[in-house]
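Report on the following structure.
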Amino acid sequence: MIEVVYFAWVRERIGLPRERVETTARTVAELVEELKAREERYALAFSDLSALRVAVDQELTGFDASLAGAREVAFFPPMTGG
Amino acid sequence: MIEVVYFAWVRERIGLPRERVETTARTVAELVEELKAREERYALAFSDLSALRVAVDQELTGFDASLAGAREVAFFPPMTGG
Amino acid sequence: MQEAVKNRGREEQGAGERVRVQREDFDPGRELDMLARGATDIGAVVSFTGVVRDLPGTLHYMEIEHYPAMTAPAIEAMVAEAVGRWRLGACRVIHRYGRLKPGERIMMVATAAPHRVAAFEAAQFLMDYLKSRAPFWKKEVAAEGARWVEARDADEDALKRW
Amino acid sequence: MQEAVKNRGREEQGAGERVRVQREDFDPGRELDMLARGATDIGAVVSFTGVVRDLPGTLHYMEIEHYPAMTAPAIEAMVAEAVGRWRLGACRVIHRYGRLKPGERIMMVATAAPHRVAAFEAAQFLMDYLKSRAPFWKKEVAAEGARWVEARDADEDALKRW
């Protein structure tokens, strides 16, 4: 079980801020494939990975990052703070 | 007649903050030569022109600047504001 | 000991931490006063304050979303790097979230160092990193509709100089 | 008309001018508040505050001398250039003279612009020019004696980037 969190327009497209996901994915990329296979709104949200950023356990990382031991994965657009 | 003004260590070496000078100098450099010829303290203050800056009528300029129409000449070390 | 008492006094006022993520507004003048206090060997203090712009005059408000579990630790890591790299005597970052109207303050960075170049560079470093690496997202809600502010290539490029 | 009334109100408080050379201290927070007020299209406010350092701990005070007839006009020219070049929405320079103790504020520059890069650059430009082109001279009076602060080559070099 892994906690998956969404922010900004990713959250809006998927329609919820967070969910617990039962997964056997070993990497973020595999998790994304599982999610895209679920429903159209996931496929839409993840259609262009270059427009997305990912954090595993609150650390920015890449889509090839391992999920071994991970408790939380967050997906969001490029940040616009400051 | 021209008003000559001194600041910082130039003022301290010459021993006064300002004075009215009767001069026929056509440039700042000529005025400096006149002043140096006066007394030891002037010669000392003006011994190294590269350590001095000059303003004519409150505008920074060079030692070759003309004194035509000038009312005030100021001599001082490089500025250290901020 | 005296220093400890002073620090406790500051924390009671809720302004002792060097990173704060909050919904409420803040007082830049008070932050600058607190920053220099107690710090030694400071000759230069630089501050940056970000304000909600409303160029076409149609913005109702800006909604700032963030990632609570990540925000403060991510900014704290940036601050630690800036403090070490430019040997800052003091540093403060405050970033708001929630609904902000045009003219309202969004955030503030303040740096204190012995000399001006270090204070300026550290503040710019922090701004560049906050822009592209702190988990905030801005949505503009205007007469024309709502839209998420897009990251600009220039903001990503700005990181390269550090 | 409303703007004129507003400006008159500010000047009565003695803080409306964008360049001030004074013996008295000032309040950076109040200056920042005044700066943004009434200005439009501001997204970024940068401030620099210079403070008297006392690194070896032996400084009694710093004496700042200036050239009254030249100081404000020279700074005003620098501000006019910065405002034009970076299209600043507002700008403020305050510089003190006289006797200042360690920890006291010496001066402040504040710039307001639509974006952060312009506000930062304009503030750095003004600092670099104030350092080497505004007619101020600092004398440090310490336990060991008095000495005029010397200009540094690095300060002169800093002007080249503008």
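Labels for the chains are A, B, C and D, by order of writing; each one numbers its residues from 1.
In the analysis below, a contact is a pair of C-beta atoms (placed from the backbone, for glycine too) under 8 Å apart; a residue touches a chain by one contact, two chains touch by 3 or more.
Just so you know, these numbers come straight off a predicted model, no measurement behind them.
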**Request:** Look at all chain centres (mean of CA atoms) and spot the one farthest from the centre of chain C.
**Result:** B
**Request:** Give, as an integer number of Å, the spacing between the C-alpha centres of chain D and chain A.
**Result:** 48
**Prompt:** In whole angstrom, what separates the CA-based centres of chain C and chain D?
**Reply:** 22
**Complete:** Taking each chain's mean CA coordinate, chain A and chain B are separated, in whole Å, by 72
**Message:** Quick check on chain D: which residues sit in contact with 2+ other chains?
**Reply:** 50, 116, 127
**Fill in**
Flagged in chain A as touching 2+ other chains are 82
**Prompt:** Chain pairs in touch?
**Reply:** A-C, B-D, C-D
**Prompt:** So in the complex, which bits of chain B are touching chain D?
**Reply:** 5, 7-9, 55, 58, 60, 72, 74, 76-82
**Complete:** chain C residues touching chain D in their complex are 27-30, 32-33, 36, 41-53, 55, 103, 114, 116, 119-120, 123-124, 127
**Touching residues on chain C, where the partner in the complex is chain A** = 50, 65-67, 69-70, 73-74, 95, 106-107, 127, 130-139, 148-151, 156
